[in-house]
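One structure is given below, encoded as structure tokens.
Chain IDs A, B, C, D, E and F follow the sequence of writing; residue 1 opens each chain.
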Amino acid sequence: MNMIARAFGWGVHPPENKSQSTAAPIQQAPVPSRLILPVQQHIGAPAEAVVEVGQRVRKGEVIAEASGFVSAPVHAPSSGTVTAICEHAVPHPSGLAETCILIETDGLDEWAERKPLADHATQSPVALLEHIRGCGVAGLGGAGFPTAVKLGSGARSNIEFLLLNGVECEPYITADDRLMAERARAVLDGAGLLARLVRPKRTLVVIEDNKPDAIRALRAAADGANVEIVVIPTKYPSGGEKQTIQIVTGREVPHGGIPADIGVICLNVGTAVAVRDAVIDGTPLISRIVTLTGNALGRRGNFEVLLGTPIGELLRHCALEDDRLDRLIMGGPMMGFTLPSRDLPVVKTTNCILASAVGELRTPGPEQPCIRCGLCADACPARLLPQQLYWYARASEFERAEKHHLFDCIECGACAYVCPSNIPLVQYYRYAKGEIRHAEQERIKAERSRERFESRKERLAREEAEKEARRKERREAAKRKAQEKSGGDDAAPALAPEIAAAVERVRQKKAARQRDDESDTGNADGSGS
Amino acid sequence: MILNAVSRSGLVLGLFAVCTVAFIAITAAATAETRARNAEMAARKSLYELVPAGLRDNDLLHDTVTAPAGGLLGNETEQPIHIARRNGRVTAVVLPVTAPDGYSGRIRLLVGVRPDGTLLGVRVVEHRETPGLGDKIDPRKSDWILGFAGKSLTDPEPPGWQVRKQGGTFDTFTGATITPRAVVRAVYRTLRHFEAHARDLPDGREGDPT
Amino acid sequence: MSMVLTAVLALMGLAIVFGAILGFASERFKVEGDPIVDQIDALLPQTQCGQCGHPGCRPYAEAIAEGEPHNHCPPGGEATIVALSELLGREILELDEEHGEEKPRTVAVIREAECIGCTKCIQACPVDAILGAAKMMHTVIESECTGCDLCVEPCPVDCIDMVEIPPTTRSWHYDLPGRNRQLIATDLRGSVGA
Amino acid sequence: MTEFALILVSTVLVNNFLLVQFLGLCPFMGVSNKLETAFGMSLATTFVLTLSSICSYLTYRYLLLPLDLVYLRTISFILVIAVVVQFTEMVVRKTSPLLYRVLGIFLPLITTNCAVLGVALLNLQKEHGFLQSAVYGFGAAAGFSLVLILFSAMRERIAGADVPEPFRGSAIAMITAGLMSLAFMGFSGLIRF
Amino acid sequence: MNGVEWREITRQGLWKNNPALVQLLGLCPLLAVTGTVVNALGLGAATMLVLSGSNLCVSLIRNLVTPTIRLPAFVMIIAAFTTCVELLMEALSFELFQILGIFIPLIVTNCVILGRAEGFASRNTPPAALLDGFMMGLGFTVVLVILGGARELLGQGTLFDGMHLLFGEGARGWRLHLLPEDYPGFLLAVLPPGAFIGMGLLIALKNETDRRLLARRRALEGRPVKGSKRVRTTGEIA
Amino acid sequence: MSNAVHVSSPHLAAGGGAQRVMLQVAAATLPGLLALLWFFGPGTLFQVLLCMFFGVLIEALCVLARGRPPLPALRDCSALLSGLLLGLSIPPLAPWWISAVGMLFAIGIAKQLYGGLGANLFNPAMVGYVVLLISFPVEMTQWSAPAGVAGASQAGFADAMQLVFTGATAAGDGIDGYTMATALDVVRANRLTLTEQELLAFPQFDDGIATGWFTVNLAFLAGGIFLLWRRLTSWHAPVAMLGTIAVLAFLFHANDPDRFASPLIHLFSGATMFGAFFIATDPVSCATSARGRLYFGIGVGCLLFVIRTWGSYPDAVAFAVLLMNLAAPLLDQYTIPRAYGHGAKRSSGS
């Protein structure tokens, strides 16, 4: 086995706190009484609900269909009745509501017909990909990117490395660790399936050296298989896709590009297992492994949880001690976000629920001015200058921030972690990114408004010209007629009725212009119709 | 078209030129005399400061001989030596001197000497010494430079032509030894130069030392 | 006198030569057009609300190019003023309150049950963002509405409301730290302890 | 050669036009808000300053001096400068719209940049010859450009700072210029005349 | 020209649009010659003269010049006045002339003057232009003198030193020693950095005063009606 | 439970507050301070205390004038550190008001007018120092004679205190009796006229090194190494600065030892080490990126050498640093590191 990890200078060493949740093997979380399923649990277009309120669904049945190329379907995690399709708070830092499908479970956990891909070893890659897409597999490691899309672009490129990301560098989280230790075989099977799709030169599973069990299990299972196990030093955030790639291959994903551009494809180990389950067992993505940890929980460990399970129920299952609870975080302490309520579901990207006790997380002190010490820059895995980004973001000098590569920041939080002045740097960056995106949207909208305003003005001018032409014609016709009739006598009563009406309209309109608030009923020439 | 624009612009601008220049020229003509007088006065002023009215009746400004560059006077270029006379006899000489070793470069001085080799006085013409330290050689800042009046090669004796720190008789400023040292040395050299060339003075001396 | 004369002649000569050069250059190197108005217009928010005192953003852009103060556009607010200042090299001013105040972005919503179909709002809308025909119920195309509120006043039955655009998970983003200090300090146990 | 090198060091650092001699301060304050504009201004000034330094010298040497019209130096120099500036503007505008976008708005400002006339007058005062005048003009412009560019970079950083209300804008810029000038005092004495 | 206009021009020149504090024009002489009050006053007076004269002339000929030669023409007028002032100064106050050095001819390029010629005089009647020139010049001079006074006081502990250069021998005695004789003198104030910093503080002082005045006026008058200047982009609705 | 909504990750922090950095840097000056006290008498102690006092006072007043509570601003201890650094730079027996004026410019103008900690463009302590140097050259050039130099006498504790606060000792002496031109003064004043041997024969030198100053520099070097070891500052600026000085001094000295002082004198006298590790490293006014800091250090080194050798000032740390402060924002614009994924780096795996 050749070691190909490289030395790297960036990164931080936050206290790991992983042992709390590695004592017990992965357990099954109970089926909750109610499931909340957001139609969007991934990057891309939201799925479209295909069930109706009151409809009974069985486990594994599609309840929302993918609605675009970058989209993934949602399946019912258990059997029950759809009680509502409505706006419901979703796990998102904003705490805002999105469309969700609510299912009242019946406790039967009754499967719909499972459809494993028969003879997957001989199936064409296209069929394999279709199957994965149909099973709703999305990345379980980070942003939840639809896996079939990623694999598709991998299959089209010339892939040299298939990386299975088992780094799991965030403190507290052990879901991948336990998965690799307990289901090493499944991980490798998944790797094999993925390798069939993207045909890499080498397949690597990347693990940090603080997971000896997983490394041992995988090495044992990989014996003979065409998969290499790469152990890298423990350092946050080496699990970030770009960072893993850099450490393992020495390549950098180009700015604005994707890993496939440099011949790499990177998937979380959980995703690999999900692919395996989908293909071999015919199990769509309806559950995932979630680490439940934090000193406020009486019972800590890893659980296989149905998607849609309300977090409140999980916490109860883990004996949450309410009076000790300090923060409730979805994800790890470095990247996760605090949850504003407990009535939120577990989704495809939920890898951890951290219920910290008071005093457990060393939270930042009061914010002080940046002293430009540069510790943040030393820690930054993207080689940015966080202190400059902060300076520009704070002053809303977004142009400069972009020039300092704001959008290459992966929001890992290493900078904020080391900052002696306790500056919530990542929040500044998120604010700046949000404002820039917002301004861009405003600009696009302004552009459209300008066009619409201009075209309206053109239309009005055209209509006015036409009207003027008509009026002139009529007037001349009237004149001619009048001359013919009475030889120059232009007494009004003598006009033809329709002309009289027109003249009256014009007169009224003029009068109305003078009294702007008086309403007029003669709207025959209203321009809007 | 082009020609038209060219000639019109040219003409109007020309017209302006005529008016404005005439305006200036007339003012210039009207003030010419006063200005010339002022300029002359200014040039004389520093000389007159060194040579009191009682010692001269000639046109001090224009009665000059040329001091070559270099030598004991240390000037970079040829400079005029002004000669004061009364009743046709030389009463004083004003020598331009450059002290090369000031703290921040050269210091230009005018040194007034009587024919008998005693100093009438020393004035700084140009210097770049540190404000607040070395610039006290300027009589507007301190009276130090006035202390040269009456000194000669024999008063004090040559070993005394040093700043006090180096065993001489001349004071220095707090924190600044180099500037006074440069000035003292330059004045001393001037006196030596004067002594060496006293014979070359255009015509005799008035009032030999008695 | 001769002194005056040479002076006059010399300078006149100089001036005539220079004048001629410039006159020649002005013809030879003539260019037209002023792109600055387009650049100004590109920075205005195109709400077309008329609060600046001009019938639309472009006329105001022209007025700015002519020297009118660049702090008369409330929808653009501070951001627009800063951008204009940079473009024009002018001082950054505060928004002129006589023209209105900077408010969050809104859209018009017609309470459709009350709409009598008079088409007045349609005539008022600068960007044709209202659909409807005479005597029929009208609706606002939300994505096109600029929030100028010009349609509100003409409505005879007051059935148009300007509502703030609610944030979505896509449009939402973190605020500048410290902006909502009170909120941060607040104990949110109540809302979490479900 | 050393003479020209000395003139350059002197005008750029020791007797910097902006910070020590106080010449050309209006554009220094006016167009230093952005680095890009500062670059444009520097380019334009360097060109005009060098050219007008030469032209003024020629006018003086071959017109004013022979005719004994030295008192007309101000008016003739400013005329030369105005014409050089306006001519440059027209030519640039026609021949290179791109360059005009960068330099255009600065050119008229240069006429009233007293560094330009200052160079012409100082050339007289220092009795510079043709080449010396050209180098002096160029050096002055280089010093102007250097300080202007550094200053604008600093102002861009100040723009993000939480400066006390009354000092926002030109006041803090002035004070920054003062501190720059303080730093430039360090160069004093480098050239001993 | 009526009284309101008169007052407005005065206010603009002295305070609201003060060339030195607000427009930041004419900075070079402002900083270069304000080591003492007398220098400041001398240059201020010279500038005021040139400014008034050129404004008047430009206004008189404003309809004569085409855009092409506008700049050279104005500049020539200004240069003519400057040269005359320079010549007069050389004749009348030679020492001051020497101290102020090239900053007298440099009045030509004082941006205030060309700025007023272009921005005001070429669009207004001669009396208004003259008044504007005078007031702008006065505003400029006042700032010069204040800065000069502050620097002189801090730098050498005196005020009105050397006034005889401008007002004749009788003025020698005007010199005031406001600080004790052994005041060491704060050299920074008379050196270039002191000029910049002093000017910066002066501008800040004006900003602060303005802010207070505005706050007081607002408190007295109440806020302007918001949005009162709106027009209908889409015309009147029938 | 304090689930702060809308507070972004991370929810962990390692930072201990800016004051921890400042206080550690202050601690690192201790060896230097002790060496100064040893060689130049107790005066420096008064200067340091006075400067720290005025620094804190002025900082508090400025913040109050802005209508803000002063305690959070004082808590970061940066005014204290600036005061300490200025106090270490001014002559030990300078009158007390020197520190007041210096800190007024350091904190009041150079720091608070820009918005306080982190916003200043110029090194506050050095602004204070230069203002003092050009305004009060007499007071600022009167360095005490170092112990161990022939003819040097040292003011005792009581005398030093009286000299600082009243300008004269109880016996009525001024400070003249205790002062002496510094080694660099001697070099500056005589380098054009004397040979190297003659120069080094001055009492200020001993075995080719500057008596007293050599040890002081060694002590600051030790403090600097502590700073680097604790990662309180990056190595780039000091190392680049010292390297540049060493190289320039070596080249010139090798060429003409009579006109140009040796690297040993340049590196180990005056404020070289103090400047390299405590002044040029001020993170706020230095360049930002590692590359920028290298250039910054090189610039300081070059300017220092040029001004010391050809300029008016015998020591030039303050000017060199201020001049590079002035260039730092521009350096920052052109030394933005190549961010991840920018530029074609495509070395192949393994």
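By our rule, contacts are C-beta pairs under 8 Å (C-beta built on N, C-alpha and C of every residue); 3 or more make two chains touch, one makes a residue touch a chain.
Note that the structure is a prediction, hence the values are computed from the model and not measured.
Ranking all chains by how far their C-alpha centres lie from the centre of chain A, first place goes to B. Two chain pairs, D-E and B-E, are weighed by contacting C-beta pairs, with D-E ahead. Distance from per-chain Cα centroids to the pooled protein Cα centroid is smallest for D. Chain B and chain C have Cα centroids lying 68 Å from one another.
Taking the mean of the C-alpha atoms as each chain's centre, chain A and chain C sit 33 Å apart.
Averaged C-alpha coordinates give centres for chain A and chain B that are 84 Å from one another. Between the Cα centres of chain E and chain F there is a gap of 41 Å. In chain E, the residues that touch at least two other chains are 68-69, 72, 76, 79-80, 83, 87, 187, 191, 193, 197, 237-238. Residues of chain A in contact with two or more other chains: 93-94, 322, 328, 339-340, 394, 424, 427, 430, 523, 526.
Listed for chain D are residues 30, 71-72, 75, 79, 83, 86, 156-157, 161, 167, 169, 172, 175, 179, 182, 185, 188-189, each touching two or more other chains.
By the touch criterion stated above, chain B contacts chain F in their complex at residues 101, 103-104, 130-133, 173-175, 177-178. The residues of chain D lying in touch with chain C in their complex are 30-31, 33-34, 37, 59, 63-64, 67-69, 72, 75-76, 79-80, 83, 86-87, 90-91, 93-95, 97, 105, 169. Across the complex, chain E is touched by residues 15, 18-19, 22-23, 26, 48-56, 72, 74, 97-101, 120, 123-126, 148, 150, 154 of chain C.
Taken together, the chain F residues at the contact with chain A in this complex read 1-18, 20-21, 72, 75-76, 78, 116-119, 231-234, 283-284, 286, 288-290, 332, 336-342, 344-350. Chain E meets chain C in the complex at residues 68-69, 72, 76, 223-235, 237-238.
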